[in-house]
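For reference, the structure discussed in these notes is given below.
Letters A, B and C mark the chains as written, and numbering starts fresh at 1 in each.
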Amino acid sequence: MVAKGTLSYLWVLLKLNMKAALALRAAYAVRTIFNIGNHAIYLFLWVVIFKTIPSIGGWRMEHILIAYGLAILTWGLLSFFAAGLRTLPRQIDEGSLDVYLTNPRPLLMNIALGSTQYAGPAEIIFGLVVLTIAGHLTSVSIPLLIFLGLCAFIVFASLVLAYGSLGFWLKDYHASAEEMYFNFFIMATRPEAVFHNWMGWVIVTIMPIAFMTHIPLRALIDDNIYALGLTLFGTTLSAITAYAVFRTGLKRYESGNRFGVHG
Amino acid sequence: MSAISVQNLSKSFRIKKQTPGFSGTLKSFFKPDWQDVTALDNISFSIERGERVAFIGPNGAGKSTTIKILSGILNPSQGEVNVAGLTPWEERQRLSYEIGTVFGQRSQLWYHLPARDSFTLLASAYGLDKDTYASRLSQLTDAFDIADLLDKPVRQMSLGQRMRCEVVASFLHKPAILFLDEPTVGLDVSAKSVIRDLVYETSIEDGTTILLTSHDTGDMERVCDRVILIDEGQIVIDAPVSKLRSSYISRKIITLHMSVSDISFEMQGVEIAEKAPHKMVLNVDTSQQNVSTVIEKALSLASMRDISIEDPPMEDVLRSIYKNGQG
Amino acid sequence: MVRDNPQKMKSDYLKKLYVLYVFAKTSFDDHMGHRLRLFFRFVMCVFFMFVFIEFWRLIARENFIDLPFPVDDVCWYACLTQMMLFLSPRLFISIDQDVRSGDISYLLIRPISYIAMRVSEGIGAMSANALLYYTAGIACVGFYIGGLPSTGWVGLGTALFFLYLGSILHLMYQAISGITALWLQQAEAFYRIYQKILIVLGGLYMPIPLYPDWLYTLSKFTPVYVMMYGPAQFVLGWDNGESSAEILGLLLFWFAVTIFLLGWFYRACVSRLEVNGG
């Protein structure tokens, strides 16, 4: 009963998000063009790089396209289903969580979808187009790709949640957080071989971007079952860790030390 | 059973002290100074069902902190709290069905969408079925006169209109207890009075328990029957609003409209607060001087067109209470 | 007579300059006050710089191309360009917030130019960053690479000096991005495009002489050239680099153009707000 109520609440939230995006059609359309342009420029950079250097750590253009397609898809999914996670630091600063804390529905759901700002359908489509251009679309790989895309989304959402939750400790952190998310995105599209030695550990532990692109790529291109399991494991672990960081931060919010005396 | 009971509630925060100057900046960079601040110091009170209570006090007195603890947002450092039979910070979700909140500076409405959409969302959040929601909304729409606003994007509303919608949003699920934190802040005089009357009437109709914090004594006088005055984290006064004047005021304001243009008036315990041709306002300390004696003397000096006797404004009453409290 | 008094005009000018200095100083203090945030961001930047170093070491190891400069120099170069992105605060976000909250209409009527105020604040915050990045940051990079660039302290010092100036230019373009929120409801869309141009034409990923010729030439005609590649190339030990006089000249030219652009945007911004009534 409770679960059903929450699901229907989620549905109303999603509808409202769509409606809010449509309410600002013109601005939204311009933004979409800008966002796609922005991704296209970046892809172009890799074309230039691979013109100069044929292969980096075994990665060719095809790898970059898949990694980048996955990353854009992820970014789009996040913008559509959990845009509020990105603004978590600002929501904390503004005390918006107060309103959600007195709402009977799950806090994280309200944070993620309770305030619209971005909308991602265009980016989702662009990501799929890039993945299509990259090839590897077979009857086997399409379901696999959907699965890996979902995992990548969960990993990225977890990263955003975990690093955004630092806003419970750091004041005025919103701008820096956005910078982090952007850099995670960039790092996830770098060839895996770049992260060697201790860096390899960083990208599977405190900054688990490897589970977003690098490891799924092995599953997809090299048909590596082991990599598939690893992706699933990493995704789960990222989600659990991020939630734990968020809960810890929330404790601080509830203690009021975050704000001090306001009267 | 009371709606809210609070026993020995305390709350303290830890904040960083800023030192001025470049060397101060560098020093606090390497070794910041932490300071404990007590926001609430062992306060106790209880509120009966259907009671309307104002929580007032100067900035930083601990008003918002209290309301945040009662609505489950903040954890206290110490003490016991019971709201609608629940411990707020432990049973937050169950509590949310029992309470409504209006935070004057924070909106629960979606900025770019019509208010109706936000109401629909809240109805879904509180699991109201379609019919209940429809009848409740139409009842509140009539009461708050927002029929014209329902389909208007919130960003196009004036602050007063928006606040009416905010209050409707909080009343939607018929909460037993409503917390209002600075509900009239930033509103103009007429918008303020509209909000006050509506909150008052709806709370009578629904039997809602009200706890509101405010800087504005008008909120307290128009909406509440009891006032808790808090200063520096402690309760200074807990009394019926009507009693506040009689117990704490030793002043009356007498306005004289004279037939002559000017008189010279001197008397112990009487101050001339304002002077204009044919008009004089006297501030009388009733502990030193009887009001009737003052009027007799005035009449002996000149004939009067009109005389009025008033209590000083609530603002002044509170100011004098703070002053005595500190002294 | 009095109005044209040069002494008075000069003192008015100095007064305004002083006010801007106070804004910068306040922002500097504020930035230093948030030390956890400062450190956290710094640690991330250092990590990203190390990733760049590994990126180039990998390319050098695989030996597919002949680099015209020593690999350590390219590593230094990449670290400096990455550092440049972290040096300045994300100014466009503060302006975006002012626009969206409507505060901008109050800020615009102040006697001091709103944009000059925000840019000064940006410079203050950037200086706080520079204090940390130019000392501890450079030390980390030097340690990880295992030595100075082949141009030595002089090359490194020149690069850092010009990066600081280039970052001020970057702040001004951030200000322009921020103002676009008046038309787009959100500054981020425009900023991202600008940022990508900075990344590609500024040469974040690789020194632009490695690009195809036409792209290299295109880059030379943009302001991002003097924000990133121009300053950072002083650590590349090769003969074809630009002299500091050339970079300084280009910087001054772009400052003039950008200040003119900013003024134009500022006026457009004011008239737009007048139309909307705030």
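Things worth noting here:
Simple rule for what comes next: a residue touches a chain if its C-beta (ideal position, glycine included) is under 8 Å from a C-beta of that chain, and two chains touch if they have at least 3 such contacts.
Only a predicted model underlies this, so the values are computations on that prediction, with no experimental measurement involved.
At the far end from chain B, in terms of centres built from Cα atoms, lies C. Chain A has the C-alpha centroid lying closest to the overall centroid of all protein C-alpha atoms shown. Chain C has its Cα centroid 48 Å from the Cα centroid of chain B. Computed from the mean C-alpha positions, the centre of chain A lies at a distance of 27 Å from the centre of chain C. Averaged Cα coordinates give chain A a centre that lies 43 Å from the centre of chain B. Across the assembly, chain A contributes residues 24 that each touch 2 or more other chains. On the side of chain A, the complex with chain B involves touching residues 5, 8-9, 12-13, 16, 19-20, 23-24, 94-99, 101-105, 115-116, 254-257, 259-263.
Within the complex formed with chain A, the chain C residues making contact are 34, 36-37, 40-41, 44, 47-48, 50-51, 54-55, 58-59, 62, 64-65, 86, 89-90, 93-94, 184-186, 189-190, 192-193, 195-197, 199-200, 205-206, 210-212, 215. Those residues of chain B whose C-beta lies close enough to touch chain A in the complex are 11, 13-15, 37, 39, 57-65, 68, 71-75, 89, 92-93, 95-97, 99, 101, 103, 106-108, 110, 112-113, 117, 120-121, 124-127, 153. Chain A meets chain C in the complex at residues 24, 27, 30-31, 34-35, 37-38, 41-42, 44-45, 48-49, 51-57, 117, 166, 169-176, 178-180, 183, 187, 190-191, 193-196, 199, 202, 207.
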